[in-house]
Amino acid sequence: MPTLVAPYVDEMIQMRRRLHRYPEIAWTEFVTTSIIVERVRELGFKTVLGKKLFNEEFVLGRDPEVVKDAQDRARAHGVSEEILKELEGYTGCLAVWETGRPGPVTALRFDIDCIPVQENRTDANEAHRDGYESTRDGLMHACGHDGHASMGMTVAHWVHDHADQLCGTIKIIFQPAEEGTKGACGIAHSNNLDDVDYLIGGHVNIADKVHDVSIVRKGFLATTKMNASFTGLAAHAGGSPELGRNALMAACSAAMQIMGIARHGQGATSVNVGVIHAGEGRNVVPAHAGMEIEVRGSNAEINAYMQDRAEAMVRGSAMSYGVDYRLDVVGKAEDVVSDEELVQAIVEAAKAVDTVEDIHIVESCGGSEDHSLLMHAVQKHGGKAVFFGYGGNDTVAHSALFQIQDTESLPIGLEIFVRLLIKLNTNA
Amino acid sequence: MPTLVAPYVDEMIQMRRRLHRYPEIAWTEFVTTSIIVERVRELGFKTVLGKKLFNEEFVLGRDPEVVKDAQDRARAHGVSEEILKELEGYTGCLAVWETGRPGPVTALRFDIDCIPVQENRTDANEAHRDGYESTRDGLMHACGHDGHASMGMTVAHWVHDHADQLCGTIKIIFQPAEEGTKGACGIAHSNNLDDVDYLIGGHVNIADKVHDVSIVRKGFLATTKMNASFTGLAAHAGGSPELGRNALMAACSAAMQIMGIARHGQGATSVNVGVIHAGEGRNVVPAHAGMEIEVRGSNAEINAYMQDRAEAMVRGSAMSYGVDYRLDVVGKAEDVVSDEELVQAIVEAAKAVDTVEDIHIVESCGGSEDHSLLMHAVQKHGGKAVFFGYGGNDTVAHSALFQIQDTESLPIGLEIFVRLLIKLNTNA
Amino acid sequence: MPTLVAPYVDEMIQMRRRLHRYPEIAWTEFVTTSIIVERVRELGFKTVLGKKLFNEEFVLGRDPEVVKDAQDRARAHGVSEEILKELEGYTGCLAVWETGRPGPVTALRFDIDCIPVQENRTDANEAHRDGYESTRDGLMHACGHDGHASMGMTVAHWVHDHADQLCGTIKIIFQPAEEGTKGACGIAHSNNLDDVDYLIGGHVNIADKVHDVSIVRKGFLATTKMNASFTGLAAHAGGSPELGRNALMAACSAAMQIMGIARHGQGATSVNVGVIHAGEGRNVVPAHAGMEIEVRGSNAEINAYMQDRAEAMVRGSAMSYGVDYRLDVVGKAEDVVSDEELVQAIVEAAKAVDTVEDIHIVESCGGSEDHSLLMHAVQKHGGKAVFFGYGGNDTVAHSALFQIQDTESLPIGLEIFVRLLIKLNTNA
Amino acid sequence: MPTLVAPYVDEMIQMRRRLHRYPEIAWTEFVTTSIIVERVRELGFKTVLGKKLFNEEFVLGRDPEVVKDAQDRARAHGVSEEILKELEGYTGCLAVWETGRPGPVTALRFDIDCIPVQENRTDANEAHRDGYESTRDGLMHACGHDGHASMGMTVAHWVHDHADQLCGTIKIIFQPAEEGTKGACGIAHSNNLDDVDYLIGGHVNIADKVHDVSIVRKGFLATTKMNASFTGLAAHAGGSPELGRNALMAACSAAMQIMGIARHGQGATSVNVGVIHAGEGRNVVPAHAGMEIEVRGSNAEINAYMQDRAEAMVRGSAMSYGVDYRLDVVGKAEDVVSDEELVQAIVEAAKAVDTVEDIHIVESCGGSEDHSLLMHAVQKHGGKAVFFGYGGNDTVAHSALFQIQDTESLPIGLEIFVRLLIKLNTNA
């Protein structure tokens, strides 16, 4: 048991399991957010909520209809009208602790949303065995953000308890909608990071083994997530196909083209058309098609190249089939480049955690994280930022079988955050 | 009001409206079938039900899971265990009237299933105004089969009342699952048509105007309806796409190829990929894809050519992407070629109906009808067959706005059937 | 031997064989044209040549570079500077005979170009056996236009000899560039047909057998021939593919799309991408691609629909791949609808030819003829037009094995033209 | 002027310019080979020629028809029957110098073929200004192999002159057909490398500037070059398209699929369909199509993955369109991984060359070299191998504008080879 945080581990684990039972997907985390807001206010934090947390222009992948339903559900679940009003339809919370003493502004970022996956309901799953599995069909904390949110609240508790030793300002960001890289963009373009000197984000199960720590020096890919929809004209496919405009074919053509985008010679790229739903019936010229696209690149420029080409192909295919199209960016991340000062600070902190066994530096990865957008925002004005992982096992994130070993992995992450605060925000 | 059938019109209209309130899609018509079976037995008909009605090997597009749910629903709706047992999971009914006097075997065919369309619930819709609209969300008798089933039962009533004037045998086929051309194939390959000398099928709203009759000499297209499914391997699209096998791309490639099948120089053809659903998530190499395909041709050979080419393209695309595939024929119809003896008999009958205004002979059409399979089965052993239409208006079949003018159009159809029975099965 | 034209048959056969030895493809028929011009002038016809024969705006598929080379070749072959100057780079000739007596203007049309096919040089080929095979490698009169041109000159001879029996005006059109349906468009839009009352065109080997006559009432398809070219950017495919713009892929994508154009429910259509040449080298992002496209439809509207869709797909595919494109209409024909007056006149004429065995009326066909453009031009102002075939055998037009039986088939065609002139342009 | 090789520079330059005037493409270098064979024999080398130089089973991309024409051309150009007989149709030469003293076997490799590019014939081109430009239309030493071959012969001269100071065996490989990575495979699988301890290959214009040296530690990609051909059935596209089998569409479909192969997450890849030629005429269902494909991968396994997927797509597309296909591997290379011992030896040698300005180590590159196959063959049995570059400027290899500055760059390469021989094959 990591020594510094031992008194806080149990509350973190209990909270994580409570959140695990009630997962909420991107932009609908009203119950989760209300728990967080209540808790951090109770501890004495100020909160930044609703439209003050985001630059609305840059909010991605948020469907007002879905949000409205989620508000109703939260209301039915006991969330107060008062807090719903404060949230203004936007989930997430920035909790701010001002020590009143000079010192840096350090931001810690925790994401809070779940995945649309049906949890494995057999005894192979600890959450099932121990009775804390998801109570919501088709939804599951299958990427560990329940652990992150809980860890953020626990750090808050530690800050409250050690307030008189701290200096500067501590900002704890509870970010919604990380899945699909939707949520960070609006925060990154708000003014909430303008004064941040240090930004630290972490993720469970990115390290190889349960007692390992992995610090991401670089390698997470920039990415853009896009939804394309095509709208044509229905017609009887047997009798008068010429009256139709075929949205399904526009989608198929775009998919064929997009998967064949000429790759960039200067770095890694990837592209996927993950989903197509098209057509109304076997004997009808299909009038509607939707597709989910993502591109990635090892930096913003390469990613932008991929995005440009994909957009041209959606546009061109729509023109070929004489259909209308709509293309929405619904998620976005940059590449991750951590500042060496913080990379080393985490190495040092991790070495000090008695349960840590191995420490790795990661330099390449096919994945993406929208923490990168917050990092770039901080780095742009001269702040430092970092991303690290802790804990790990063989279960696959985003799958029904995903599990974290919360009692072992989460305390490591917690103590690293605490040790960084001690390093950065005490005058010791 | 057509004079011969005037006493029966009201019961036909009432029954049609009753059926309209409770539409059932292909292979699930248990409530409808139980109404029919009860009625024709009450009138003294023998019935052929369940596995005796079909050659199971040739039953198309029937999903046992869906049937099971439908049986439960029917049970809950009050259909007796007894009749469900008799039906053996197969909807539809053949009602047989043997006069005991020598004479031809004449079969009349009526289809009974509905369409998966949400009925228009505004006052523009007579069924809404008059309170007989569909009570089942997303289902609607939007092709008039409620009228057909009702007309079949009404013909049965007339047969019962005029039994002593009739000779030979009268078979009334209440066919399930016409939509998607699924239901006729199993009947066509059963032995129920082996003794049929005359087969007559009709359809409401095929004629131009409400008081018109259209006799289809030829032109309905042979067709095959197929479902293709591709099964690949999921993989993280960013990190290890090479581990995936892309079912979505196989489907898109097959769709591009199939729509470009070289058309046949010897007759009309059509092809449609009406529906594609593929993929599990934006960032996952898609492991599953399903597509709905139909081909048509102006005769069986041309249709077979189209089907062969489409099958090769599904197979080839699966091979290209290293995915498994499955291709199921879920519907089938032949071209319609009516026998001139019966074409002329209908012309004559229609002329005798006082409300008929115009009579047309149809020789070309982009649509298909699985009555054609029954016709071919009868014609193969020397019997005669025909297909005709009655009534019509501007509403589009299969749409939410479809309506028939039952009080005007159905009596015309009814009287034509009755006049044909008089011509064929009386010794007058 | 058809009695009326017996004295002219031998000169027709000799001329046909002379032309057969020196085939010239579309828009390069300078030697052929000079032979025609000399001959018809010798007989006393006035000639319309060069830019007076065509509306230059509507000239299709003519490459000035190719024409220039052909002029040089013709010069080397002995064609005089004088006539080359008169031709102004445009092949073909309109020969006009004005009788000075009132009467209709009757135009007879003969096409004169060859096919880019290497003639079969074995004894199976009569032209080889009898020493009149093509002297130009890769070129062959494989569609019988040598016979047509020769027949036109022979009709001219007959007109000269029977001038005092004739009334009205006789226009003999020697049309270049029928192959690829290029040549007629410019003539159709000139003023040379403004006064034409009757237009008659014929073709050898369209009838079933050598002594048969086929009159085309309708069924030849309207068509548009298009060349698409895409211009992208070359780049090293291994090192910097992102710098390229892939013209080959634009062509492949367009081909896939075009072959899948939704067919027209109101009539016959066809589409073909017959040729693609693309790319500069295996390891270079392809910067150039060219494709040859044709669409057809059973009337102008249906053909225009096909053309519009194909154009959109070329445009859309260019946009998808970020390449430039160029789309040229290089050939065009309308559907053939012959006037019944002339259909019957040919039936009557054919019946009078003693060697004719069978007479057919054609009403459907997958092919196209640009004579149709001249027909539409004449019909637009109230003139009558017709197209007919004579002679036939099992050899396939446009193939190396094509042969006509000139001594049998051509006299039939000749006598029909002459009998039509007697019917239309004598006061008998 | 590099001091050690100063006396040999002029003959190298003159020979390079002589070869530049007479470029020969892959597998046709009979004139070049005869020059080399004569020269190295004159100097006292033994030669390995013809089928002894290659394992015929592994010879790639060699067309016997093309070879036959090249032999005739060489004969006409004065190459003796005797040497043509010795060559047995295979170009290239292995020159062997056995010192008779114990010591390592060191192989130096020089490639000798040209590129199918038309040389720039303006004064901007030194070869034009100085009168040594290509005398063969459409062919050019546009990748500097003229310099390589000449350098190989000059090294041979130096070996001859310094024979008494050398120990071990020196093998000078004059490899044909490097372009398209065709020639090395057959040598790599022969027994000629079985005893090689050190293998050194070099290339002009790979370094950045004219006085630079670049040593390739790793990064050249493994590659496979493939030709696919599809054979279908021609048919009239308007009249009977159903009788055709469309080879063009199979090629387009394969191209669309191949460009979209899911890329490998474990390393760099590239893929190109560089050339398609398909179809016989606009109105004919295309019966023939050929395409040139290349795949690359950062190691053999990744390249094999790309090749496997491409092959499946060719096969699958052929199946989709019912056409036959043929797929030939016509070129192959492995990734380059140089042995550190030789990397350092070249660094040291380069430092000793007085005209060298900069020395770079290359670790990534999008290109490929079939020297890699020879390297792998040597490394498999424990030998060491390396690849380096010398000289460079802004002209682009394989382009009409390519130039090398032979008097500056070639002497650097020459002296490095000589210094390596001194290091490895003297007892000093």
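Quick notes on this one:
Here the chain labels run A, B, C and D in written order, and each chain numbers its own residues starting at 1.
The working rule: a residue touches a chain if its C-beta (ideal position, glycine included) is under 8 Å from a C-beta of that chain, and two chains touch if they have at least 3 such contacts.
All values derive from a computational prediction rather than experimental measurement.
In this structure, the chain pairs C-D and A-D differ in their number of contacting C-beta pairs, and the larger number is found at C-D. Relative to subunit D, the most remote chain by averaged C-alpha coordinates is B. For the pair subunit B and subunit D, the distance between C-alpha centroids works out to 67 Å. Remark: subunit C and subunit D have CA centroids separated by 51 Å (rounded to whole angstrom). Taking each chain's centre as the average of its CA atoms, subunit A and subunit D sit 50 Å apart.
Counting only residues that touch two or more partner chains, subunit A has 236, 238-241, 246, 249, 253, 256-257, 259-260, 262-263, 265, 270, 285, 366.
On the side of subunit B, the complex with subunit D involves touching residues 236-244, 246, 249, 253-254, 256-257, 260, 262-266, 285, 305, 309, 312-313, 315-322. On the subunit B side of its complex with subunit A, the touching residues are 180, 221, 223, 225, 236-241, 246, 248-249, 251-253, 255-256, 259, 270-286, 289, 292-294, 296, 365-368, 398.
Put simply, subunit B touches subunit C in their complex at residues 256-260, 262-263, 265, 269-270, 366.
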